[in-house]
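Next come two complexes built around subunit A: one with subunit B, the other with subunit C.
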Partner chain A sequence: MISGQSLASLLLSAIVRAGLYTLTATGLSLIFGVMNVPNFAHGELYMIGAYIAVFCFAGLNLPPLVAILLAAIGGFIIGAMIEKSFFYPLRQRSKRRKIWIMNTFLVTVGLSLLLKNVIQAIAGTKYRGIDSYWQGGLEVAGISISVDRLVGVAIAAVVILAFWLFLQKTTIGKAIRATAQNETGAKVVGIDLNNIHTLTFALSSMLASIAGASLLSLNPAYPTMGLMPLFSSWFVVILVGLGNIAAIPVGALIISLIETFSAYSVGSGWQRLFSLGLIIIILLFKPRGLFGSDVKGVWER
Partner chain B sequence: MNVITGLFPPTGGTIRLGDRDITGLPSHKIAARGLGRTFQITRGFEQLSVLENLLVPALAVKTSNRKEVEKKAAEIMDFLLIDHLEDELSVNLSGGQQKLLELGRVLMLDPDIIVLDEPFAGVHPELRGDLHDHIDDLYEAGKTFLIISHDMESIFKLCERVIVFDQGKKLIEGSPDRVREDEAVLEAYLGD
Partner chain C sequence: MIDLLKVENLVVGYYEDINILQGVSLEAEREDITAVLGPNGVGKSTLLKTICGFLTPSSGEITFKGDSISGIEPHKAISKGLVYLPQELTLFHRMSVKENLQLGGWTIRGDKELVQERIEENYERFPILREKADQSAGNLSGGQQRMVDLGRALMSNPEMLLVDEPTAGLAPNLAGAMYDRLISLSDEQRTILLVDQNIRKAIEVSDYIYALELGKNKTQGPREEFEDVKEVIKDWL
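Take a look at the complex of A and B:
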């Protein structure tokens, strides 16, 4: 029987994890929704964010928020460079959508390997972590919560809210959503898809980098650290429906609760068995995911 | 139409818009240069509201600011008689309302030439009358229309110059009266 204190502690861990998955899965879903790119290099942007933050915070002694901000900017720039260097030229030559999805899948797998090896060549294979960004913690009803965890959750919440407002309220945000809903319709009303694609990839990469940077004290930087967040983010995206960004926080909470409680109950080696099992069952009955896909293109183009 | 509006690459020839060569330009640049189009099956943004649908083309008009764009969108909704649907998601509109909204998106670009692909297909007769009136008003305001339609009644009512195609070949070109009485046209449309 699980004690109340352990339950609360597990719930807190699940919420922190959900914040991380929301940040990474939102970017993944956006890239797939707008560009139809199944991005398997997304975890590497998370990893790059962690490395930039550890370099800025531990190496240059910059304040934590500055380190996280620089990781966000770094993720944005690297994401834009990746889009312009790999996907833009590929898009000029790909005319058939099915070939485009397969080609971009292979490109992202290659990119993932490339980025991991480049980082390994630069920084080696050692874990590069920090004890904490902020000292101390709070104690609520006998449960101790580190400030790092609290700030990590707060950063995730603020960034996701800001990003949601950007998509809903700004003209560029509306253009990104319009492109996801009807690419041809967007083109003929004057939207430059090349700019929208670059911006989408850069913003998504930025979200992943923020996740890697803000949870550095919990997850130290190492070259292959992006694999597990990548898998879990795909679980979230598939669970809620491909391209359905609004439902990502709910899916992230479901997956993180399953993973946290199954890791506690039967061991961490089994946690993904349960989340994957749930996804398989849901997809059998709801092939478009729990909340359906907003991306018309994925199913009907 | 798809070649003119940059959706298909040209295999030969030249496309000129006024005195400017637009051959092979991407769609967004052609739209920004004053050539707007609609589709037989509308290409709207279903999960965006009517107002949001009208705001998206504003990105193509670099000089416009937010207030000007919103004012223009309000005027266009008013003109097209869809102002009561401002906050409605586009997916919830009828086929005819979708066509009006698509015309509205095109008008946001303030194009000189508007290409309409089967604008009357599947539209309620009452809304079709509204659409005729809007096209008439815009024509009076100086817009040029290129309309592709099987609705001969609408074509004869609206157009000054008609070109009839059959099996991809031009049958006749001339005034509505001349086309209306041409035997080849009657045969092509009414059969033997």
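Take a look at the complex of A and C:
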């Protein structure tokens, strides 16, 4: 049996992990919803965020929040550059929509390899971690919680809330949602899709970078660190239905609870089996995802 | 009278060497309703899509207010005063009626008061939309969705509307209301280029008519010349 204390600390780990998955899965879902790109290079933006943060914090001795902010800005800029140099020219030359998803899938797989190797060439294969951004922790009822974890969860919550408000309330946010809902309609009202695509990719990359940067003390930076959050984010996105951004925090919590508890009770390395098993079962009975969203990629409606 | 829109020898196709339009020409006069008629597959919709930049012509010339707009990027057509209403509704289904209208004012988004003013104008035009302002556009009836679609198009205060099959899928009474709406828009000094399958009704509301046949101009003339509708339809069947 799990004791009350370890239960509480497991729950806490699950929540921290859920915050991370929410950040990465939101971008993944948005990129697919707006651009019809299944992004398998998303984990590398998470990795780049971690590297920027470790460089700024440990290398340049900048304050933690500044390091995380610079990682966010770096993720945004790199995301914009990737969109403009890979997907924009591809889109200009793709007339047949059917092969677009496969083409972009392959592009993202290639990008993922490229980014991993570029980083490896620059920074090597060593783990580059930090002990903590902030010293100390809290002791609540016998459970110790590091300040880093608390701040990590808080950053995820604040960023997701701000991003959600941006999508719901601002005209540009509405234009992004409009493009996901009806691409022709967006063109008809005069929205320049090229700008929307670049912005969407940049913002999504920024979210992934923030995730990588803010959990640096738990997950040190190394070139292939993006694979685990990439897969888990895809699990989340598939679980709640592609394009269903509002339900992502719930899906992220489900996946991270399963992963955390199965790793604890069966052994780490087995957690994938359980989350994948759940997804197979859900997709067998609810092919559109847990919440039956009718949202798909732009070109599939 | 100067023509607002002029199309000369337009050649367009989706694939190389297969041209849907093979040299179509037309002119639309200011404040007129100009109809483009013809059987299925002659390229009526292709013509509208090309004028507003959704397709790029392989040759030919399109001028609007004297400026060439051949191959214009779709999002730029609207700032020229040209708005396109595709046949299939292109509403943002999971956004409210009001948000749809707001996005119709994308090109004037810097001026929040103007956007609000135009939304009010639309509520005057379509009172039901005021009641449904906060509902998802996707939950409205077909007729109401057409109103949102038209209202959204009017947010930018366009000089010219390119309207593709505005009554497709509407019940007859709603279709009648839509035609009345088009007439009143032309009374508001707006120019309309109308593509329609409903030949009888389109001839009734139009000032000038073009008939296409297999990607080419077949015949054209003012409404009076087309009044013997039965003859026209029989000709095409």
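In the analysis below, the second predicted complex is superposed on the first by the 293 of 301 C-alpha atoms of A that agree within 3 Å, B and C clash if a C-alpha of one lies under 4 Å from a C-alpha of the other, contacts with A are read in each partner's own complex, and residues count from 1 in each chain.
The rule is simple: contacts are C-beta pairs under 8 Å (C-beta built on N, C-alpha and C of every residue); 3 or more make two chains touch, one makes a residue touch a chain.
Keep in mind that what you see is a predicted model, and the values were worked out from it rather than measured.
Peer 1: Since both structures carry subunit A, what do subunit B and subunit C do when superposed there: clash or fit?
Peer 2: Aligned on subunit A, subunit B and subunit C clash with each other.
Peer 1: If you stack the two complexes on chain A, which partner ends up touching A:Ser132: first (subunit B), second (subunit C), both, or neither?
Peer 2: neither
Peer 1: Under the stated touch criterion, which partner chain does A:Asn103 make contact with: subunit B (first), subunit C (second), both, or neither?
Peer 2: neither
Peer 1: Going by the contact rule set out at the top, does A:Ser94 touch subunit B (first), subunit C (second), both, or neither?
Peer 2: In the superposed model, A:Ser94 contacts neither subunit B nor subunit C.
Peer 1: Which of the two partners, first being subunit B and second being subunit C, lies in contact with A:Thr224: first, second, both, or neither?
Peer 2: Neither: A:Thr224 stays clear of subunit B and subunit C.
Peer 1: Please identify the positions on subunit A that touch both subunit B and subunit C, taking each partner from its own complex.
Peer 2: 171, 174-175, 177-178, 181-182, 184-193
Peer 1: Help me check something: in the complex, which residues belonging to subunit B touch subunit A?
Peer 2: Listed in rising order, the residues of subunit B that touch subunit A are 5-7, 26-28, 31-32, 36-37, 39, 42-48, 52-53, 55-61, 66, 69, 105-106, 108-109.
Peer 1: Which residues of subunit A touch subunit C in their complex?
Peer 2: 171, 174-175, 177-178, 181-182, 184-193, 295
Peer 1: With touch defined as at the start, can you tell me which subunit A residues reach subunit B in the complex?
Peer 2: Touch residues, subunit A against subunit B: 171-172, 174-175, 177-178, 181-182, 184-193, 294, 296.
Peer 1: Which subunit C residues qualify as touching subunit A in the complex?
Peer 2: 54, 73-79, 83-86, 88, 90-95, 99, 102-104, 106-107, 109, 152-153, 155-156
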